[in-house]
């Protein structure tokens, strides 16, 4: 048994030991390969990092990452020095959700669940889930862009029954909705993404597992129900062989399609996330903020491992920025021929290129406003494709995400040509209530969709046609500059 | 004489007794037929429900609903146990109307009356009257849509006298205004809808009685003045024979027309109403909110009898969702040939279908923003009909409602082709002051209309023509997608 | 000498005496002819009304209105009973201008002066000056409509000197600005309108005297400087002979033109003004608000002499609502041929009619937003005339008023074709500082205009041309419905 | 050694002595030539003005301005009377930035630095830097105008490396950014503009030195790094020989181009700046505000040396308002042929004239909203030039400034044709942290630009093309009135 005193000596980059779940590991060699950066490892060097490590890594992560000789064995936890224990962050939280519901029963809609989560989540978890790029205007615009679309409901139609199901890549979903990939579910609940998988199964809707899920994708698949629809969201690794390995395992685990995320070659600037990190650091070391280094033109232009780096940046550091259209074929082959979904299309040109390059589906998305401030909402991109490349809707399935919170939001996208809609943050927020919370989100959406479809006079998603919405206010601002179809251009070659 | 102790035993679905106005009734068999749901009955099982029952049921409701053998007779009210008495809800109310006028004399306009009502009504009554769908954006938009329409007043015209009268289905109303159907008047005043009927008579304007009025439609008709114009608003019952029975009685009672409400095949999601209910329940049973049931894809998709059900959902549960255009003929026949008004038209297509199907009048309405969030305001639908189906104005009368609060609001709709305008919530709010309140609303509207017409240079409603308004801002957002007239389509068959 | 006790007996409509400036008058016969209504006289019957009377009547008003036998003579003021003395209103004022400047030196612009006035004026005076129709949206829109017009400044022009003068009806004004007619100057300062006249003379700008000025128009003219430009604003009296008498006297007094106000055949609904009155009455008689009378369809439709009547309605009660276009000729003749300015034009049609009917100038105005909520701003009407009746600018002078507060506001109107601009409320507010305040308003405008013109690259008002502004945002909302020129229509006859 | 008592006697315009840095000067003759006005000199007459003088004058200013006989020699500072010492202003500051970051490390973006500056700067310095014209709507609009432009990002492009450099007048800048000319850097930091020069050198971006810099332009040039790009911003003096002298020295000092500021022939009305001055004066002399002088039509129309004059007006008083297009040639000659940048172009007409008159670059600018309220944002002018005079982009370089705060702001201007973008206030605010602050601004911009370019799919500024932005919302409000190209007009002569 190792003692706290022994481990405490290895607290620098020269010799870097750490305790996780009662066992010690030697991270000295590994430290520069850590996807989340070296800095965070140094912070916990020589200490027990379990509480910080646990909610953001799938089980087995460290065991797999380190060769057996780096497993140092059990630690006598009674011998830990006080300073080796990580004191749980307890920054008092001031929220804008002072009168938010605190019980699930008091939540009537997805906004209520967001407000409850703001009060109940740990500040860093809230910051990671909620944060968006820069001033969060795009995050807010995603939501607001629905408001200017007016419905054109039809009356005196028999709406006794309404069929909410949608066919998604050949699979039947009971709703035109899937769970969007989002990382770090265990920040909110010990079961993390398992809750999402279980409720998706119960509701017979697809769940797209995040590459950064805090539960392993194979573990999730192993617990899937018969016939459950799981998709895998891929961030292509700078080391392509690692991605190929993952894709093989994903296919073997029974995932139905690969989603290639293309709007995040580098991480967005999520200042809310960064500030939460800063607050945390400031609490432990008030002198820390003084350092300012000159990063003139000769310095690398990407943000470095600096104090202000939030969870998001740490996660994104392994992403391959060279990824290009021809790589879709590589993904397909590596996955053994699974259908490809391209996530993050933001203009008509790229929708056409995705069709040209054989994608089975595209997701119009600006990553929940988390990447590029000023990107269009998915409704806007939908209208742009309708204007410039309408044939795309016949070649592949068009999915949408970003800011969907109400049944009518979903129906507006369906009316304008979307096949289905991804819901992300609300499901992550609902994790604070475990399975019941996740189920509540799905149930509220189901009820709202059924009610709204009836009030629109539609008894199935096929009846939700373009003439059921008046999107003229948005249409008037659709891009109107010079446009040359990249597909026609390619055709000329 | 029955005693409290005896009645207290019958407090479950197996044997369900209740006290109303000093008499006991056996509701065991009836409980599953209750239009307001079974749950609320169980809440008051074995207790005195008078205070809850009284303001939301017309007199005689329970007597008619139950056969004589379920009338259990008088109760010795002195023997009631403390827990059998319903303690009046006394939740402290926080309103946004802190400095609202508290006397009728201090109310200068309809908004003042709304603010006064917010302070003076019981919370549940306020929530029921005021609530609207989802985030209440459509409710607010109804009002705001007036602001973008600018007037084009004419000067140097002799405006000594101004004739405000309108011809409505052949009847003369002293104002281009009628009282919209709204339920549950007795939540605000013991006389309830009787106040509305009396003041409508005094002002010689039509009153459209709600199917859910808390005073019986026959009682209201029996007290009508000679020549008073009463319309009856019908919600078609799943059990059509019940509706046929009502229509016969309505015709016999002297109603002048039947208004078929078509925008509410299911109830809207009125969260303010649901929250008021929740607050009430939370007060009596703090454990109640814990229950969350899985309502996956196999569960019925309509909201169930859950804790969050407000007054609105309870009321709407008997409405027939199969109602279709051909049923208008059935209504006409069942009423002995009364004129048909179709309430809830929200697009040009349906305006044309209403004309085709023989309606005498349509009401452009989104149900006060209480049904489908995202529905157009009546001004928008007016402009859409002017654009796509202008012939409709010659075939039938076009009425409007939703958000009208000022004389100029009414004149804008008249200028764009409306025959008259329905006022709903303001009259319901005014009930808190009884007849005097209702009269104040009518008087304020009369004065504003006369003043505004003069300032526009119009001496009668006929002079309020399209060129008197500049609606270009709204016109620019009128639907501009593909449009095929359903009437032309029908004609091809 | 009369005693208080004697006068106190005559405190009803049957015998109505009143004390003004130490003298008693018998108003029993006169009471029904009082332009401000009978009610206010009854309120002060048998009492000393000096403090209420003084600031809102020109000197000599009561002496002229009553024949000699109604002059009852001097009162021994030491004998007045306490209840005969009017206690000065001292309602504590809560303003939105908490940190407003309290000295003239701290006022940098016209808004500062408004804020200072809100703090320094008596509540009733503030309410009368500031009030506007209904919800005051038109009042606010007047101001806001300037913001959407962008300037197109030119650089590298020699702007050493700039000529701000304008030719107005053949007279030279040192600024393209005149003082708009506004009533009741003595509510703010004992010298009232005399301050306006003196400063207008010093600045060599026109002053348009209100028909309801609290200083007599002849007294104002008698103190005019050599060559001073005074216009007279006429409200045509129901008794035309009274107006003819006034017009004769106006011409004789040297006024240069008659301004016929055409947008106020009845008074607007100025709720802020009415509420100030209510507050005042509530303070003196808490029971007063209880009365609500039934004003059904047989009641006259104009607002009656009710508790809620503010100063504005009292002033407007003598105005002739039959006034029509052909009356312009009558005005001209009665004034001995003075030029006619028509104030209150709100659409292109009426601009054309004014030109047709021989007006020398029109004022595009919605009466400062005080009359019809929803009326266009003067910039909007300017654009409408440019679109439909551009020839009007050659036939007569087009003036504007409503919401002008900054030099750039004035220059925007000039660029779009206005000859000059009327400033009303800011001058009234500035009266709280007397001559110095009025001078400050004129000086600030002069300085801003000179500076703004230079920064636009204009050295005279003639160089402020349409191409110097970008009004496209407003232009896109100019009326676009059917338009038939009334002049062409007349020409066909 | 002079004593305090002796100097104290010379405290009026008849004999005006002052102490600066321990030496006394006789300003009696000079007082009327002081560019900042005579008044401020009188305020400090007979006293030690060092603390006021120091931060707003380049070293050597007074020594050069006065002939040797006015240098009175050293003062025995121990003999100063208390009233001769200027007590540092300590007005308590109420800011809107209550929770602003107080350390540089906590600043994540340029707005954070602005908020920090609001808390850390002296009130007068903050007011001078931050103030803008009139109601600051144009200042705010500059910023807001970016928000309506949506990006059209492209995905699946290899963005491993991104080249942010731009070629500016033949020089290579490491970023498409330069430091805009702004005055009075020593109000924030003792080193003042030296910090800007040093960091510009480190980051290899151009620095445009303000004519009113508080460090002499020759001193700045003497410390420049090899190859550093310095431009000189000229305000042409009423006395042209002074400007010619400066231009000769500027060329000799190695400046690379002359920027002629053309949007400030007179100073703007910066009320925030004026109020800060007022507050200061009010503190020292409460009676000061009483004086109001009549400034009627015969008074000069430009604001006089009044109490309300802020720093900005004092600075601008020597500017020549006769400057015209033909003077560009004079500037070029006087500078020995340096390239000419014309700063302050606000419409397409003037862009064409600048090209016609041989400018090498123009800066679309409204002077940070500090001059003419209502002027267009630089994005608007960019779109106007694209519409009316697109050939201009080929003739000269188009630069922009005003409200740029985020990487995406810069990229939007680049996409629409701008060569580079000036950043002003953020650099001034950052001076409160010295070199580290200035470096932080440059570093944040560099990081945001690199990240944003990658997320847009652009690897160099040349790939940031018009089709990468959707500016339709702004385009719809571009000037659409009559337009005649001034160049075509000139060509006809």
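To keep things simple, chains are lettered A, B, C and D as they appear, and every chain counts its residues starting from 1.
Everything below uses one rule, namely that a residue touches a chain if its C-beta (ideal position, glycine included) is under 8 Å from a C-beta of that chain, and two chains touch if they have at least 3 such contacts.
These are the chains along with the protein names UniProt gives them: A, B, C, D = L-lactate dehydrogenase (cytochrome).
Nothing here was measured: the structure is a model prediction, and the numbers come from that model.
*Asks:* Same or different: at the chain A/chain D interface, is the fraction of residue numbers used by both copies above or below half?
*Replies:* Under half of the interface numbering overlaps between copies: different.
*Asks:* Compare the CA centroid of chain D with every other chain's and tell me the farthest one.
*Replies:* The most distant chain relative to chain D turns out to be B.
*Asks:* Can you work out the whole-Å distance between the CA centroids of chain A and chain D?
*Replies:* Averaging C-alpha atoms per chain gives centres 44 Å apart.
*Asks:* Taking each chain's centre as the mean of its CA atoms, how far is chain B from chain D in angstrom?
*Replies:* 62
*Asks:* For chain B, what residues touch not just one other chain but two or more?
*Replies:* In chain B, residues 476 touch at least two other chains, as defined above.
*Asks:* Go through the chains and record each pair that touches.
*Replies:* Listed by label, chains in contact pair as A-B, A-D, B-C, C-D.
*Asks:* Mind listing the chain C positions that touch chain D in their complex?
*Replies:* Those residues of chain C that touch chain D are 103-106, 108-109, 111, 147, 149-160, 162, 164, 174-175, 202-204, 406, 408, 412, 436, 439-440, 442-443, 446-452, 454-456, 466-467, 470-473, 475-476.
*Asks:* Touching residues of chain A toward chain D in the complex: what are they?
*Replies:* Residue list for chain A touching chain D: 134-135, 137, 262-269, 271, 274-275, 278, 282, 288-292, 294-297, 301-303, 307-308, 321-325, 327-328, 342, 344-347, 349-350, 353, 371-376, 380, 476-483.
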